[in-house]
């Protein structure tokens, strides 16, 4: 509930890395919440996209990567198309995923053998392929 | 006039009916879909991470090879169209990445190929009026909800397919075939896409909202272009029924299946078998078959 | 700057809104002649359309009418209404301005302003003055106390001009003032200084795809809500939905529609919307006690005298709910308008199914502003607002000597600032005349 | 018997919606001396007035009653209309049947009509007794006093001087410029504040039409618009400014240093010193409370060293009289006294300063020559906290209003800080960012993006010293998290309050101030620069907090209003004032003390009280107080009032 801010924490390495991968400037964010308002899967997210961007800017890495927000993001780009400051929020979500995946210390990937019987046969390959680099609980 | 055609992996298997009906319709409309000779999967998502050059290679290779065989490349699946077109745009605008990509794929592609979705070909190259003439059995009285999804429209400045908030191209296409287009607010909202693998209940919820909105606005059938969306809003209707008891299933067809039917193709060749919710009772009732 | 002729000590004010009026009265009271050019048939500008004004809620008509009457009867002020500036030559002290007097199709000399033609006119097109909240006549004056109280015929609404039928107004006019063949006339005026006070316009709600492209009837803009609120408006002050005339019980106000949006619309802040929306909310609550108001905002900007207290009082006493967050999309869903917003303070996505939505759309310059700037030879910023020569210490002067700017033509501001700004430009004109 | 006319206005639906105007007009027509009775939808419009004019001409009316809205709305309009037909304007009276009848009795229509008729009949009674009166013309002198030499006063003075009027500019400090002289750069273009300001100040110093009095205050004022008589107290500077050539030797050798208010406690001044370096006028002043000579008669160093022998220890305050036609009050602002802000530790923690102190640091000729350093140990702060709305928007404990300029100067200061200390981190605790001026929002967003300012939405509850660091306990309501920052330095954006002494200045001028001490304007929207007292004009932060461009606009606006007022050499005064019946007045003098406008004097020769026609506002206090009923109000005599009452009683 309480955080302590110092200049090293604010906009720290983690935030800079997310900005580098996504090519976006998180300081430009108004915190107006337009992205969360328009996100079709926000109902299932622990915190909205605008809040996870806020955590990233404040350098709160554990909190930022601990939420399911960017795993649920279907990159439908509704947020990007409506952001008044022109931030590509979908890229920020992908950058957060990349930061976690590239560290390779998370093991809770979805295991293919665990899929229900016949599920893979019915599933179109496109669903499977576009899901790469995204399947984490 | 022939158009280079990139079918994409799913159109060879799970969405064979989309591919087949498209080829038959093209034939009826006087042009051929010339499949590019050597193609791979398009990568299924446009890589958003700016430093991910590797994921750009498959679509770049497709573009480069297609350019050697013609000037206009078309696709049917909305996701392939999105990936290839955005990659093409990136190659046109980003000189540095273009060079890196060309070094990797050892080809020299400058981004001068035109990438059009099949619907854009029907509208810009062929023209809906010509389609209207070719319609033998107008789909009179069929209330159809056009579902655009996300990948055709967004990001707006790169796709430029139609207006990002109030697209009308699909509705014009349905009117050309004599059907009654039904506008419903969720036609541009996401179906949950690949979440049906990782978090199926989320995709179910999204699909239910889309279908519910279409039905509430009077749609008897939903028309889609993308096998990914079609899987979610068609196949997952079984999950929806479990969760929402009062839900009445609604058939979901590819736009080329409807076009084939309107142009008088035998309904057996339209691949209705692959559609999860059987459309035949409705089509019989409407007298189209 | 002596030239061969003497320095003409007569000023021209372009734009008859509250800024133009204030400047003209000041210059007139100082004894100099003023020519006030106004595009619409009568003076008063945007303030005519307002119901009450913040923060005191006194009615705009009552505060404006004495000013317009004073201007109309002022010995030194000559009104050229329903006219536009066509061309400007010369320099300070010796400007020659060509003014186009648009054809009113009514001979103003003969007309006594009896109003019979307006009563009998059958045309029922949506009235532009009422932001199409109610029907308007083809032959009209902007308000019953219009100054001058002379009607004009709008060819695009008039049956005679459209289908060569009707001519009711001609038949009914006791003094035979109707003249369908009237043409635009040009007048040359020689003046020593010019004040450009052409005011502002609102971004049309049709520009916002995510808010329904203006297709949803119960999504209106701030000015339309003013007309609903106004006692002399189409609904004589009752807040009624344009679609079915019902009294809305759930009203959503959306701030920063098109403002503070560098990526898609205007990057600047339109400065007055927070205040007039708070006023709208309170006026609505005065009339519909059991109604609920939601205001989606990013930052509340109430910096004027008594403004902050006005807003806090609105929150505390009228139960107006402020939600900090933007609205991503609105769409119609069986009779209700679904609003997808967010409250960033709780981080929650907020969905409201509203009866009516009011957009606080961005203030933009008048369409003719850029053209007028070219004619006057003054600079504008890339949106079309006139640029002052020095932002801090010379806010009313321009790069052209003898040409000054006043009111919202220079940038969005509320009535108090516009009046002060206009008086300042009047002071500069008096200084210029006194110097020569 | 006079022939009278009655004209009833519908006022759209405002009156006609409740009062049956047609039947009222009919009834009025039956009154025997009413020659003409009519009604019209909008009497105040052009055709409405035409009806009145024609009726006067045809029926040769000698009195008119217009039943319409409140006299404050259109009394002048209708009096001008009757005057244009040759009828004396004061024979036209207004019967207010809107605010005092139709608007308040909307539910009882017949009773409202009855009441309206009675109001009209009563007003007819008044008109029957009205005399013809002429407006009193008063000669005015065409010069102006500007109180306050900040940017507002300077702009007004310059505009008026350019307009050809004599201006007297008085400034309490020893030099011009006001708070703008303390600023480093102005937002949003980051122009240096001083150069342009000093250019304007020099223009004023050298302008023949401006009589500049620095280090002076207005002691007393009498009179009325057009004829203000005032006395100005020129405080003793103890330096003969004519002789002094500004060599600065006295300042160099003066042994006494004291903490300067101008430098917000960060810098010092000598006992004899300028207000700020290269000030305009560039003349020093000896501050008695710090000068050794005035404390114990010792030192006199400055006197020894002064080549021009300009030091005047014996100099006394001087008083000069002035006659002016109008007064501009441009008294500016101060910041809320920091000592009362316990929770922020201001005054107790050296590294907690306010916005103006940081401006002094940022100024090239300030105490730190432009470098931002911690007042406690002179180190460069790496953790810099800005706290907004300190004592503003705080109705419960401090000021309820918003001080309007802090969001912008804080963003500007944070930007300059980041340019000086690239690896430093500014945190800005705010509630709403208010950047609504032209180009402000773009400046703010660009600065946040490029410089990386961290805006934390939330107030700060406490600031306390914690081993060398300044702990700030705040919150970020966007993440709902408590936020703590161990800051090196804290800058408070303190509330803008009126400068002290304004309350009793306003009392002298008989101008009104609101409960915070800001001067009240006549009408917030339509007369923002005029005070409710005629002849007094307001400019700048004295009226309410505003930034420099709005202040300059308002200052020029006052100049415009005054040029309009003083353009004619005669001023028309309302003749509806009190008069004394000489043969009844016993000369008791009660009315002289009662009169709030000092418009009554005793005529010693005739032993009776006389009315000063220009001063009297017709308030009626003297009439009520007069034991012998010796005085009456013109056209509102007791008989008229009693007759009007009778129409209501019967």
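Order of writing sets the chain letters: A, B, C and D. Residues in each chain are counted from 1.
Everything that follows uses one rule, which is that contacts are C-beta pairs under 8 Å (C-beta built on N, C-alpha and C of every residue); 3 or more make two chains touch, one makes a residue touch a chain.
The shown structure was predicted, so the numbers you read here are calculated from the model rather than taken from an experiment.
Shared contacts of subunit C and subunit D, meaning chains that touch the two of them, come down to A. With centres computed from CA atoms alone, C is the chain lying nearest the middle of all the protein shown.
The chain with its Cα centroid farthest from the Cα centroid of subunit A is D. Per-chain Cα centroids separate subunit B from subunit C by 47 Å. Spacing of subunit A relative to subunit D, judged by their CA centroids, is 55 angstrom. Each chain gets a centre from the mean of its Cα atoms; for subunit A and subunit B, those two points are 27 Å apart.
Between the CA-based centres of subunit B and subunit D the separation comes to 68 Å, rounded to the whole angstrom.
Touching of two or more other chains is recorded for residues 445, 478-480 of subunit D. Among all residues of subunit B, those that touch two or more other chains are 164. Residue positions 210, 260, 262, 329, 344, 347 of subunit C are each in touch with at least two other chains. Taken pairwise by the contact criterion, the protein chains fit none of the simple patterns, being neither a path, a ring, a star nor fully connected. Residues of subunit B that touch subunit A in their complex: 8-10, 13-15, 41, 43-45, 47-52, 77, 79, 150, 154-156, 164, 189-190, 192-199, 201-202, 205-206, 209, 227-228, 231, 235.
On the side of subunit A, the complex with subunit C involves touching residues 30-39, 42-43, 47-48, 50-51, 78, 82-86. Interface of subunit C with subunit B (complex): residues 209-210, 213, 215, 329, 331-334, 338. The touching residues of subunit A, counted against subunit B in their complex, run 20-23, 40-41, 43-44, 71-72, 74-78, 80-81, 88, 90-91, 93-95, 98, 110, 122-132, 134-136. Those residues of subunit D that touch subunit C in the complex are listed here as 12-14, 41-42, 44-47, 50, 69, 73-74, 77, 80, 151, 155, 159, 162-164, 186, 188-189, 191, 196, 200, 393, 395, 400-402, 404, 432-442, 445, 477-480, 518, 521, 523-529, 543-545, 548-550, 552-561, 563-565, 567-568.
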